[in-house]
Amino acid sequence: MSENKTDYILRVEDIHKTYGDAEVLKGVSFNVRKGDTIVFIGPSGTGKSTLLRCINQLTVPDSGRVWLHDEEVTNSGKKINRFRQKIGMVFQNFYLFDHLTAIKNVEIALIKVKGMSPEAAREKALYELRQVGMEDFADHYPAELSGGQAQRVSIARALAMEPDVILFDEPTSALDPELTREVLEVMRKLALEGMTMLVVTHEMGFARSVATEIVFMESGVIQEIGTPAEVFGDGGGFERIRSFMGKIGDLSGD
Amino acid sequence: MDETAQFIDFCINILFPALADGLMITVLLVLITAPFGIAFGVLLAVGRVYGKSYGNWICRLFVGFVKGCPLMLLLFILYFGLPTVPYVGVTFDAFTASIIGFICCNSAYNSEYVRGAIISVKEGQLIAASALGMTKRQAIMYIVLPQALRRAIPGLSNEFIYLIKYSSLAYMITLVELTGAGKIVFTKYFEPGVFFVVGIVYLALVTVTTVGANALEKKYAVPGTQKR
Amino acid sequence: MDLFSVVAEWFPYLVEGILVTVGLVASALIIGACLGLPMAIGQVYGSRPLKYVIGLYVWFFRGLPVLVLLFMFYFTIFPLLNLDLDAFFVGATVLGLRGAAYQSQIFRGAIQSISEGQMTAARSLGMSRAAAIRTIIIPQAVRIALPGWSNEYPNILTDSAICYAIGVAELLTRTSQIVTQTYITMPIYILCALMFIMLNFAGMRVIAYLEKRVAIPGFSGGGQAGIV
């Protein structure tokens, strides 16, 4: 109760979002500590993607606030691009820049947004590609990469900006099981190295072994929050998470 | 046989020198117009896709007018019309008037191709750019346009070939380019072969350009994304 | 000089010019379609030499400026054939022959976009190849090709003004005559431009109407036809 606000790296306060007559987010709040890996699960269409996009303002929420450290991300006007450098994002469909090679995809924001010299950017990009095991594919174009490879490059692209937190929106949903594993491996490594991550995923194995907290969302609100030990343990509660996991467990066979 | 020899003689001594001078002008017209036509075409396209109120409307009106009005009339307006306007009237020489007219025409049509290409760039590209902290301007400059321009190459080279052909209209406002040079020789000598020789020169220009354009298209294709 | 009374006096003369322009464009489109469709069929289903000849025709007519074609036919080809044709017929013929080259490519694309299965199914019913082309392929191809006309029509409309160069009494020619007679320049040019833009708009409406008329529910064939 007496927690200092500054313990948290990211704070999300009462986010509301409505599209037309559909209220997609009905007041979502949570806090993230440095090094946390928060996994979001929930049925389709409950606003998980919308929530992540509200955090870096790709979608502007109707009300509510987002704080990174002590600075407000919402209502920050032109400064939003500074925050977006500090909040990385990885997408379900990778969104690699189609006209640039893998390494150029990682370099471009370093040069154009951060103002790095091309040499320094190249070195940094190579380093990050090595982190995700993609240095051998540096000169390949996106269309010449498998889905898993493309996703690892997009993770390198986010990492290169040295963000305080990375948002992952179903990073493996477009991938075959084999490719899913290689991407999850990279994410697991990041978590162990202390990266702060918000991950929307249906990969329960990942949630169980990596998450610091599992958040279950439904109908635009957070229904349940718990640590993996609580959620997967024998204790009571968490009926909704468990029944949901039962349903997708049947599908994924995890 | 005699006639053939005579025709060859005519070509070497009279027709070719005249056509060479005209060809010079045609090539100059095309080479000066093209870069401006592409630059303004891109600006018009960006204005039409991303522009707000005024800019957007000006770009649309301009493209609509230029596409709906015959190029020859546009040239007449620039060459014969503008000098007669009270107070603001400007007088251009035929070469300048032609260049201005061609740039208007070329950029209006180019903008259609570039606009189509910009629209076809997937939304995710802009989203990813924003997520990295790029401003809208940066995202357009470094992510959208490089992709769009590549896709617009076939259209732009098509327009370049049209430009070679419609540059002949400069003759209608007294500029003696390739077609004009041929016409003048024809009027003087009534030699029926003249327009065929002129035609061969245009066919050569257009064919060489087409081959070049295809090579360019291949060169700038993004690996792995060749047409389905 | 009173602008209004001048315009009122010459207006009927300009309207006649509109009729001539419409006549030019309509003849050119019809000639173009009548030649272009068989040429497209020849290019897809014909023998090798036939394909080659059609390819050559297309290359020739697409490679030359309209102005050069007009001069070539008006001053050389028709006189050599001992045909003393009126400028209007020369203009319509040249625009039509050239239009055929462009239209054949529109139709060819349309035919090639029709799935192989249509031909196979027709043949399996015992139809001859010719009958299958006539009763199955062409009706589909024409519908698919119709949106392509929305590019062809404005092009021919603006190109028709080039017939000024051989003295066809169409809209631009009459506009120039009025300008030299009345010394009123800009307003007359603008009026002429507006008339062309209006013709363009009206023609596009007609094409859109035709598209709707012949649309078959659920058949989109790559075009916009069939959207109910």
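We just call them A, B and C in the order they show up, numbering each chain from 1.
In the analysis below, contacts are C-beta pairs under 8 Å (C-beta built on N, C-alpha and C of every residue); 3 or more make two chains touch, one makes a residue touch a chain.
This structure is a prediction, so every number in the text was calculated from the model and none was measured.
> For everything except chain B, show me which chains still form connected clusters by touching.
If we ignore chain B, what remains breaks up, so that the groups are A | C.
> Work out the mean Cα position per chain and let me know which chain is farthest from chain C.
Centroid comparison gives A as the farthest chain from chain C.
> Distance-wise, how many Å sit between the C-alpha centres of chain A and chain B, to the nearest whole number?
Here the centre of chain B sits 48 Å away from the centre of chain A.
> Distance-wise, how many Å sit between the C-alpha centres of chain B and chain C, to the nearest whole number?
Centre-to-centre distance between chain B and chain C: 22 Å.
> Distance-wise, how many Å sit between the C-alpha centres of chain A and chain C, to the nearest whole number?
Going by mean C-alpha positions, chain A sits 56 Å from chain C.
> Enumerate the residues of chain C that touch no fewer than two other chains.
none
> Residue numbers of chain A touching chain B in their complex, please.
Those residues of chain A that touch chain B are 56, 58, 81-85, 88-89, 91, 93, 95-99, 108-109, 112-113, 140-144, 154, 157-158, 161.
> Give every residue of chain B touching chain A within the complex, in rising order.
122, 124-125, 127-135, 138, 142-143, 146-147, 150, 222-225
> So in the complex, the part of chain C that touches chain B is made up of which residues?
Residues 59-60, 62-68, 71-72, 75-76, 79-80, 154, 157-162, 164-165, 172, 175-176, 179, 185-186, 189-190, 192-193, 196-197, 200-201 of chain C touch chain B in their complex.
> Would you pull the chain B residues touching chain C in the complex into a rising list?
Where chain B meets chain C, its residues are 64-65, 67-73, 76-77, 80-82, 84-85, 165-169, 171-172, 179, 182-183, 186, 192, 194-196, 198-199, 202-203, 206-207.
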